[in-house]
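Every chain is named by a letter (A, B, C and D) in the order it is written, and numbering of its residues begins at 1.
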Amino acid sequence: MLGNLFPLDSSKPFTDQEKIGHNRYHPEIPPVATVKPGDSFRVDSREWFDGDIKNDDSADDILNAPMKKVHGLSGPFRIEGAQPGDLLIVDILDVGPIPQEQGPLAGQGWGYTGIFAKSNGGSFLVEQFPDAYKAVWDFHGPWATSRHIPGVKFEGLIHPGIMATAPSAELLAKWNAREAALIATDPDRVPPLALPPEPEESVLGSVPQADRERIGAEAARTAPPRENGGNQDIKNLTKGTRAFYPVFVEGANFSIGDLHFSQGDGEITFCGGIEMGGYMELHVDVIKNGMELYGVSENAIFMPGRQDPQFSEWIAFSGTSVTLDGEQRYLDSHLSYQRAILHAIDYLATFGYSPEQAYLLLGAAPVEGRLSSVVDIPNSCSTVYIPTAIFDFDIRPSADGPHQIDPGIGAPKAADPVYG
Amino acid sequence: MLGNLFPLDSSKPFTDQEKIGHNRYHPEIPPVATVKPGDSFRVDSREWFDGDIKNDDSADDILNAPMKKVHGLSGPFRIEGAQPGDLLIVDILDVGPIPQEQGPLAGQGWGYTGIFAKSNGGSFLVEQFPDAYKAVWDFHGPWATSRHIPGVKFEGLIHPGIMATAPSAELLAKWNAREAALIATDPDRVPPLALPPEPEESVLGSVPQADRERIGAEAARTAPPRENGGNQDIKNLTKGTRAFYPVFVEGANFSIGDLHFSQGDGEITFCGGIEMGGYMELHVDVIKNGMELYGVSENAIFMPGRQDPQFSEWIAFSGTSVTLDGEQRYLDSHLSYQRAILHAIDYLATFGYSPEQAYLLLGAAPVEGRLSSVVDIPNSCSTVYIPTAIFDFDIRPSADGPHQIDPGIGAPKAADPVYG
Amino acid sequence: MLGNLFPLDSSKPFTDQEKIGHNRYHPEIPPVATVKPGDSFRVDSREWFDGDIKNDDSADDILNAPMKKVHGLSGPFRIEGAQPGDLLIVDILDVGPIPQEQGPLAGQGWGYTGIFAKSNGGSFLVEQFPDAYKAVWDFHGPWATSRHIPGVKFEGLIHPGIMATAPSAELLAKWNAREAALIATDPDRVPPLALPPEPEESVLGSVPQADRERIGAEAARTAPPRENGGNQDIKNLTKGTRAFYPVFVEGANFSIGDLHFSQGDGEITFCGGIEMGGYMELHVDVIKNGMELYGVSENAIFMPGRQDPQFSEWIAFSGTSVTLDGEQRYLDSHLSYQRAILHAIDYLATFGYSPEQAYLLLGAAPVEGRLSSVVDIPNSCSTVYIPTAIFDFDIRPSADGPHQIDPGIGAPKAADPVYG
Amino acid sequence: MLGNLFPLDSSKPFTDQEKIGHNRYHPEIPPVATVKPGDSFRVDSREWFDGDIKNDDSADDILNAPMKKVHGLSGPFRIEGAQPGDLLIVDILDVGPIPQEQGPLAGQGWGYTGIFAKSNGGSFLVEQFPDAYKAVWDFHGPWATSRHIPGVKFEGLIHPGIMATAPSAELLAKWNAREAALIATDPDRVPPLALPPEPEESVLGSVPQADRERIGAEAARTAPPRENGGNQDIKNLTKGTRAFYPVFVEGANFSIGDLHFSQGDGEITFCGGIEMGGYMELHVDVIKNGMELYGVSENAIFMPGRQDPQFSEWIAFSGTSVTLDGEQRYLDSHLSYQRAILHAIDYLATFGYSPEQAYLLLGAAPVEGRLSSVVDIPNSCSTVYIPTAIFDFDIRPSADGPHQIDPGIGAPKAADPVYG
């Protein structure tokens, strides 16, 4: 174990740290450290809004979340000898929150889930939920609870939202071209179709001053997952996972960030999962020429860890690709998952949750989202599975009707939008 | 247990049986039997092509599969006292294949998976796989193996592709209207966008002769899942499952069919999963006014059984919503799942499988498909998880490169298309 | 699949069937059929008391259970080519109850659990529970419930109590010698220390009349597990299991019997688990010289199936090797498991169960018994784990105290002992 | 979270720390800290031999292990308001190794497993393994590997061997009386039947000097589990576990120690599991009058965490209560577990492991030991289950015979005994 190669001081912003990470992808961002195949090392990670979201009962910070700043990534780490065409092996030795140093949560951590407002990012169900909301989660050992969503407690599935290798110049150019073409189809859309390069608020590690303007204008935003892995938000990349990433530049230039204490499949509220600052311990290795050997052109392959919390009873909801207005779409799995989620929210609401509480819960808890049927023309069928054990009351349907909970103070809503 | 309320003779076609089922949905199809809340009963089920697909080494039957005949459903069963607005509880007490009576598989069963040709239905990856292929699976107790796909053996996830209540007249009219509107956007598309009512080959149970023409012209096809459940192809509806269906007509008029010995999430080859004839044992009950009590407007809710085969190691592939041609789409989870599946096929091919063998395997084996990220504009991220234990060789990536299997006789391909 | 090689008519006793099995072990009992390595076949099995225990509310049949008749085994099956020193591979393709043909349980089955009286066998806690009790269990698909033990419902772990190869003459002689030596240490003990050969009520298959007296006087009783497997009562020998048995005679001469719908580890009530008649489907093969190759001298090796019901929450009790009277014993794991079970009974009793209901439940439900610590002189520590999901109320400790159930009619107790 | 209430400096012995713990049980040992019901706190823990066992290739330290020093426990912690008759709730928020500060394992930890020599403690199979051996395990994130046992790698089941409340004076007197009576039956036995109070090397926290002699002569040794929990060595007390302990003195006076990175059921080698120094984070609460409310007179109740590593394939061995010499014992589950373990060792040896390597592995890896049958007179049947996934080669029996590993340097053996 080489020790902490990317230490962060929780009291300082991302740009004032001893080592400066990056929040854009570009092949010319220099490594912060070099490791060898077979090495293990520790890395700290900032929460994705770099501390701007507070542990309080207001969602104004979610409404005004600084989207241009995300995601502050730790790295890049150069792996000696890795070359384009190789597969980078990454074993997740550990991943966890950084404990608070003082206050009532001293020794433990906290995180949050937000519903992004339509005016600032939007979410999976932006039409039904156009306003900003927030829920704060407290961590107690393996468990999370929230004063904003009573009646639930669950073990975390701690994982990085982002692990990524650096793109080559050719790959970056391809990204910029195809995303620009998409944006051009509806450039004024709210929320936007995609995010173009944005020099403002860009953090580019130790890129020399002379190159910053150029690189800031070329470098890709970190929101989408792409060929290099990136913001895949795969909730199963937990401790014990072995992942394989394509290498596009000499040294691989691997980075991580956007840690979550837990997340439901889809990260549906966008400011989703349970966002937190934390740390990872990683072991790296290389399969020479692995991309050709194993037919890998892009995206991560992974073998999930075997210590995710086990649940043996689930309640599941299904949806099809018909819009809420009754329009039939053709095999639209995105829509069918939206409908399944909406059905789950309707169901949870009969127990006394507000729709926003239910939505935030489904974004944060270890729920599974599955593509159950993708061929039964014209309807795709998607399903969402909620573990019943996360509730401290009986969530199953019965002739008695739903048990009524006390929704408590509820999930705070932001004041009227002021952003943009 | 009331005994077998829908016995089938495996030597006779669906239309020559003692009790006649149905292959269309319509509120006027009379029940074949009435049961009470709390009753248990057994039902036989025909394989979805009613015996037209043979246990041989040719895929011509897949190419010419009689799409107008599907799905031969067992039922409807009227549940006494069930009324519109109730929730029908269905417990799956058992589901299994009907053993062969003679021949080498006597006492066991078999099934098949097909890739539909573009000219006759198409599949999830119709552009990459336009031709018809078939794989035959033999059942050995809990396991399936195939002479067409060597090196794999897995426990079945036996389940019904279809469980459904009858639509009301209003609901049926809504279906027909919205599907017709979709078809009208591209009426000559191959494969079609949706299937309109089709009197030809319709089987309508004991509908009186005088009404058959009218009802055949109104009745909905069974391919898509809809508000009444239907062809959801949810692989987790296994023994021990409790499902809840909305009731739209007096008596609920519940039917089942399209049994699968196993299936991967998505039933990606369309003629998918492992299709088989079989039986179910069901227990039914009713939650009065359950739709309002639990906020259920449509689609099934379910609690999966706890006896699905357990796997503790998976290899997973991810995809994003960029087309193979490099075009960026906006949060298209259908596309990102296609890309994940294509990555898995590329991977499996390096071990010596043909792409078609790999595709058929992913359609039939207990693979999981997940909507991992649905908000990271503009890319959705979907993932597919394959249990490593189904292979009799080491499927994991290593520096040694992929172990080379003997692909055997391969999956048979159909002769040139003659259908249509 | 060779079909049913050992069909039983449920309306007739074991000795009046088409093929006659055996209830003693002896190398000279002829096979009922010969199969080849690689063959699959079906076998019926009688419930261990051959129908003497009734589905009623009296435990008199348990009190008077005919111990000399047990266990009616199906077989032996000769495996062609198997020779002493080989390992016999047995795959459990299926195992299940034989459905009732008529009455309220038509199409389903039932079984029972009994506490043996001290005067007729006794049980694990014979000093605390000297009297005979019974609970009848109804099967509903995968689940069992009992009118004698309300508030619980669980999925079965269907398995054979007995699978066994035939002993060689030498091995049989060894058994008889060592068991006689044990009996001789306290020949009048109640319950007995062991059961010597017993010609009365012996069933010896097709042994010629002339040999019956001799063989009946030599043949080993089936109660204990021994080098040949036998009555191991391992609850995890469920569908999908592969087991390996040492071969001691030419042909292996393999038999099965004593099927259970479910059982807790230990089969603690002796007339334990949920006893039932049923069937098995088996696949057999041989590893030549496998005993030497793999260092196997005796007893079964097995790889359990992967479809046992999954539970993710358990409540567990521990015990140590101190007697109820406070005497310290030395590393006595049998005693520490007794104490753990007694603690569990005490606990369940606070919810309203009678001690006998609790004891019967722990014998029948899928509870796990573990040897947690066997070295911490002088106390062994054993633990018993009960899945919380089998109760329809909350079984966990809380500040509210135990929920009080209605114990219903309770578990019937036998009248005063009349046996012996 | 109250912070670390029992910090330890890894460079100093147990008796030179800032807070002094205890290695004997006595009601008069004063608490090191007081917490309230509902509090959470952190505790460090010394490895059970206080650093005397080295990370080297000699087992001399195991041979000479200082048995009188064990176990150095952290605590007692007084829980305000807890009174005799209450149940103490202990939630395990976290438990882990303390990382090394420098050297090749910096940032990770290590541990060891030893076979105790007959002359110094002995083990479960002391007659077969009379000599001292050692294996050192390195920790890599969730995994352990050993240079002394090649070919295996497994996720840890990190847990405390000991959690205990303090005995009352009456309870302590009872322990001393019954254990003395046992010792008196064979006072010179090697290894001893039990360990009497031993003032030498006793550590009694802040007991006043004037009381030390008396208390040292009365206080109970920590080796055995007893009514207060204690050295139960239950491998399932992992993160996320909720345990319940009887309270015998005002304040409960709760202590912990003897942390293991992993352990097989039974801790069969005695110096067993993977011993390590580490830390725990605990949350405590109280159920007033819980002992009576829930019928708890003694020993821990617990609900294991749901994040233990999941394995879906096991190879299992069975044993019965016949001695190696062929003597029949009566329902001796201790013996039947010994025989099952010996069978497993014989099996593993055919792959190339030395018997000592196999024995150490079964003591350290997450193997399950079950009391499968405890009533089938005269033979008890115990079983041991090994997860196949811990081996990097195929451990299953096949016609090919066992794969031969390179046993490497093997497990070091101690020089001739010098102790005692």
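Operating definition for what follows: a contact is a pair of C-beta atoms (placed from the backbone, for glycine too) under 8 Å apart; a residue touches a chain by one contact, two chains touch by 3 or more.
Because the structure is a prediction, the values reported are computed rather than measured.
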{"item": "Comparison of B-C and A-C (more C-beta pairs in contact)", "value": "B-C"}
{"item": "Inter-centroid spacing, subunit C versus subunit B (mean Cα positions, whole Å)", "value": "40"}
{"item": "Centre distance in Å when subunit A and subunit B are each reduced to the mean of their C-alpha atoms", "value": "32"}
{"item": "Centroid distance [mean C-alpha coordinates] between subunit C and subunit A, Å", "value": "51"}
{"item": "Sites on subunit A at which at least two other chains make contact", "value": "306, 309-313"}
{"item": "Topology of the chain contact graph, where touching chains are joined (line, ring, star, complete, other)", "value": "complete"}
{"item": "Partner subunit A, residues of subunit D touching it in the complex", "value": "1-3, 40, 42, 91-94, 99, 105-108, 140-143, 155, 239-240, 281, 283, 305-311"}
{"item": "Parts of subunit B lying in touch with subunit D, wherever the complex brings them together", "value": "309-313, 389"}
{"item": "List of subunit A residues in touch with subunit B within their complex", "value": "87, 89, 123-124, 174, 178-179, 181-182, 191-195, 223-227, 231-236, 244, 265-270, 272, 287-288, 290, 293-304, 306, 312-320, 322, 326-334, 337, 339-340, 343, 346-347, 349-350, 368-383, 385, 388, 396-399, 401-402"}
